[in-house]
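See the structures that follow.
Below are two complexes that have subunit A in common, paired first with subunit B and then with subunit C.
On to the complex of A and B.
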C-alpha cells in the first residue's frame, strides 16, 4: 500500500471533467464579460478596439431597459409567490403519498420541464385565449360577460410562468416535506395546535430549505425566460428575455446583448450567494451538524 | 378499583380497520384517575393504533372513548388536552428546548411570565433545568426523551400517553429511566397509559397491565395477577423473564401423562388436579424459576435431556428436551453436561394448566 491520500487520487480522475466544465461553462462566460466592455465598429458586426463602459451607461440611461428589468423583477416575483401558494398543497399531497403513485406523479411533474417551454406555452394560448377554457368557464358560470384579455398582457405572461415553472417549486418542496421528522405534526396537534397553526409553527419552518430552493429556482427561471413572455405576451410585454433576444438576434448588437446577460448573471449569482448565506444562518440557528 | 368510582378513561368496544385488515377488534378498557396502565403486546398487535385513537390522532371505525365523563367523539386532538410522548420523541428540531416545552402553553395563549415559570418547573421535574437554551440536536437520546415528557406534562394533561418510551434508549439507561418515569408518576399523579412490547417494562412500571394480542385485550390485571394467574397460554408464555415453558401433555392412564415419549407420574395432589378436567390432553405451563433439577429417577419427576445452558449472572438458564418439546429451567451452581438425563421437579403450586384447544386457563380462583 502506498500512503498517498486517496482523495488526491480521486481528484486526478476528476481532472478531465473539471477541464471540460471550464471550457464549456467558464470560457463562454469570460468571453461574455469581455464583449460587454466592447462596442461594435461603425457599420460592422466586428468588435471595435478598446474597452468601454458605454454599454453599461446605456443600460442605466435608457428607460426602456430599466423598465423592462423592473417589470421582469415584479412579474417573476409574483409568479414565484403564486407557485409557492399552489406548490405547497400540491407538494404536501405528493409527499404524503407513497411508492408507485408518488413516483408517477413526480414523473408527470417533470414532463413540462423536459418538453421545453414552447409546447406548454402554445397550450396556454388555447387555455387563456378569448375563446379558451378559462374564459369559457367563467362565462358558463355567468361571472363575466366579455372575455378577459390574457394574451398580450402581463397577467397572461405571469400565468404562463406559473404553469411553466411550477415543477421547479414542487420538486424541492416534495423533497423537504417527505423528510419531515416523524410525528412532529401529531405532536403539535396533541399539544393544542389546530391545523393552521401546525402549518405556521411546524411545517413551514421545517420546509424552509425547500421553500427557499424552489423560490430561487422559479424566480431565476421566470426572470430569464424568453419563450413564455414572447408567446403569451405576443410581443407586447417587454421582459429581460425578449429584450435580450431583440438585441442579440434582431438588432445584432452583440456587445449590448452581452451586457444585458452579464448584469442578469451577476444578479443571479448574488441572489444565490445570499441564499446560501441565509441557509447557513438557519442551519447555525438550528445548530444541525452538517 | 371500587365499583363506585367512575372511570377517568373509558374505552368501549373500539374497533379499527385499515382497509380490509381489522387491527383492533372490540377493545374495552376502563382506567381510574391517577392510574398507570401498560398496554403490553407483541409488535403489530395494534397498541400504537389504540393510543392514537385515544389521543384523537386516528379515528376509530367503531366504539367510543370517554374522558372524565365526556365523550371524545368528534373532539379533535388539539382540543383534548391529552399529552403524548411519541416513540421518536417528535421534538421540534427548529426550536430550543424552552420553546419546545412552551409550545403547548403558547397554543393556550398563556401569559409570558406564567408560561416561563411553567416551562422552568417542567424542565426541573425531568432534571433538565439549565438545558432550556439548547437545541434538541445537542441533547442525548435520554435527554430528548425527558424534554418530550416535560413538553407533555407542561400542559397539565388530563391524560398522559407514552408510546414505547424506552425503546430508543440503551439497555443501561432503560433500567434507570424506568424508575425515573415511575417516580415522576408518583409525584405528578397524571393518569398514564404506556404502550410497550417489553413485558419487563410493563410489569415493573405499571400498576395495571393490559395484555394485548392481535387487536384484542386478553387480560387486564395487576402485574402480580398476570404473572401468577395468566388467563391464557399466550399470556403465560409472554410474561415473566424468562417466560413460562408451555408443554403439551397427553393422558396415558389415571395419573400418568405422556410428553412425547416420556411418561410423567406427577405427585398425587398435582395428578388429581390434572385429572380433574377429564381431558385427554392439556397444555402445562411451567415457570423456569419454579422447577428444581433432581435425580432422573426421583418419584414425581419429569425426565428431560440437557440441550444447552446460558449463564445469567445470578444463575443459569438450562434448556432441555422433554420428549421432543422445549423446556427451560433456572438452576444455580455448575452447568449440567449437555446430553445428560436429569429429573425435573416442578413446584406443584406454580404449575399452570391450559385447555389444549382454546388456550384458556383451566383453574380460575
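On to the complex of A and C.
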C-alpha cells in the first residue's frame, strides 16, 4: 500500500471516528452478547462465573416467550402493511406538490419522529380512550352506543404503531416517487391504461425500492417498540419489547433480558440480509429487462 | 413606612445570603470544592423536596455539586451493580425489598449502628440500608362506584368484576396484593398457589398501570372501581380528583412499604454522601415529606401536627398494625411469580 495514495490518507483521517464508534457502539454490543450467556447466582443479582446456554434454553422452554415473539411479528407486519396502504397516497401527494406546501406537509410528517415515543402515545390515550375523540365522534353520529375498547387491546397497539411509525414509511416513498419521471405516468395514461393499472403496473414497480426501505424501517421500529405497546396496551399486551423491559427493569434478570435483546438483534439482522438479497434480485431483473 | 421596612428587610436578607456562604466557605468548602455527589432518586415531588431541603443547603455548605439522577429503582440498581468494581454513584434510593438484596450482594454499605443516622431512626427499620419513609399499600377507589371506604375483600365482590386495576408486575403493589390475597384465603405469601388462585379471581384486570395519572384517568371515567395503591403520592393526588378516595383497610391491615436510602459501597464521595443522608433523613426534610407527600417519617424526632398525622404512618405502634411481608422470600420467587402473573393473572 502506498501511503501517499489519497484514499488511504482519507482512511487515516477516518480512523478516530471508526475507533470511537467501535468503543461506544460495538463494545456495549459485545458485552450484551456476553451477558446473554451468563446467569445470576442463586439468591443474588450478581453475575455468576462461567458461561451457559441456560437463558436460550429458557426462551425456547417457556411457550410464553415464543408466543410474545410471534405476536410481535404479526402485529409489526400488520402495522407495516397499514403504514404502506396509508403512506403511499400521502407520499404521492407530497411528491407531486411543490414549494411551501410540500415543505409544510413534510414538516408535519416529521413531527411524530422528533417528539419522542411517549408524548404521541399519551396523546393516543385521549384519542382512543373510552371518552376519547374517536369514541366521542362515533357516538355523536349515533354509530355506536357503548365505547369501543381500543386501549389494552392489540387493535389499539397496532393503531399506535401506525401513528408513531408512518413517517418512516412516507419519507423513503417521497424520496423514490419524487425521482420518478412524471412523463412515464403520462405515457401510460395516453396509451389508455386505467388509473388502477397505472398504479399497479407503473407506479408501484418504480416505487419498489422506497416500499422495501420504508417497510423494513417500519417493521424494525414496530418490532422493537416498547413505549407504544406498554402505554396503549395498558400492560396487557405482551410484546417482545415489553417482556424485555419487564425482565430488565422490574425482575432485574439482566442476563435473560440480554438474551431477549440478542434474539431481536439477530432477527433484525436476518431480515436485513434477506432484504439485501431481495433488492439484488430486483436489480438483476431490471438489468435483464432493460 | 411598611414598604421601607420591607426594602430594608430585603436588603438585610440579601446581605446575609451573600455574607453567609462567604464566611462559611473558607473553612468548610475547601475539601469538597470541585467534587460532585451523584444521587439516584425518583423524580417529581421527591426531587423537588430533596433539592429544597438537601441539595441546596449541602451545596452552600460544602461547595460541592450534587447531581440527581432521576429514574426508577431498576435504573439505579442496574447502574450500581454494573459499576460494582468502580462506582460513580454515591447514594441510591431503593425500596424495601431491594435494599437487603443490595447489601447481601455487597453493592451498598451496611448501616452503621453507631452513627446518629442509625440511632435517630426507629429500631428495626434500617434493614439493608437507612429507612427513609413509611407508606402503606391500601385501596384507591372511585367514590361513585364504591360508596364506603372498602376493605380488601370488597375487591372480590361480583359487582366490581373487571373493574380492578393493578400496577405493573413485579413491584410492591403486586406482591402486596398477593400477600393480602393469600391471607384472605387463610394462608400467607409462602403459599403461592393460594395467593395466585385468589388474585386470579379478579380477572379480567381492567388496567395494568405504570403511572398514577393513567390509573386515575380510568378511575374518573368509571372504568376502574378500585386499585391497590401505595399511600403517599395517591393521598396528595386526591386533591385534584374529588371523586377518588383512599382507604387503609383493617383486615388485614395495609401492607408496609418502605423507601430506603442506601450509601453505595466504595463510592467516590463517602463523606459528602453521609452529609446528604443526614439532611435527607433529618427532621426538616422528613416533616416536609409527611406534610406535602404523606410519606411517613422514620426519624424519632419528627413531631407532626394532628391533622397531618392522621393520614400518615408515623409511629411504631401504627407500624405494628400493618401487614409485614416476608420480602426476602418474595424476592427469591420474583422470576417465577412474574411468569405466573403474566399467564394466570393477565392471561397473556
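Here, the second predicted complex is superposed on the first by the 283 of 290 C-alpha atoms of A that agree within 3 Å, B and C clash if a C-alpha of one lies under 4 Å from a C-alpha of the other, contacts with A are read in each partner's own complex, and residues count from 1 in each chain.
We take it that a residue touches a chain if its C-beta (ideal position, glycine included) is under 8 Å from a C-beta of that chain, and two chains touch if they have at least 3 such contacts.
These figures come from a predicted structure and were not determined experimentally.
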Overlay on subunit A: subunit C relative to subunit B, clash or fit: fit
Partner chain in contact with A:197 - subunit B first, subunit C second, else both or neither: first
Which of subunit B and subunit C A:15 touches, first, second, both or neither: neither
Partner chain in contact with A:64 - subunit B first, subunit C second, else both or neither: second
Partner chain(s) touched by A:181 [first = subunit B, second = subunit C, both, neither]: first
Touching partner for A:189 - first (subunit B), second (subunit C), both, neither: first
Which partner reaches more residues of subunit A (counting touched residues only), subunit B or subunit C: C
Which superposed partner A:206 touches (first subunit B, second subunit C, both, neither): first
Contacts of A:252 with subunit B and subunit C, given as first, second, both or neither: second
Least Cα gap, in Å, left between subunit B and subunit C after the two complexes are fitted on chain A: 47
Contact footprint of subunit A on subunit B as seen in their complex: 52, 55-57, 76-84, 86-88, 90-94, 103-104, 107-108, 135, 137-138, 148, 151-152, 155
Residue ranges of subunit A in contact with subunit C within the complex: 43-46, 62, 64, 67-68, 125, 129-131, 152, 230-231, 234-238, 246-254, 256
Touching residues on subunit C, where the partner in the complex is subunit A: 72, 74-75, 77-78, 81, 84, 101-102, 104-105, 168-171, 205, 207-210, 214, 217, 221, 223, 332, 334-335, 338-339, 342-343, 346, 348
Touching residues on subunit A, where the partner in the complex is subunit B: 181-184, 186-194, 197, 201-202, 205-206, 285-289
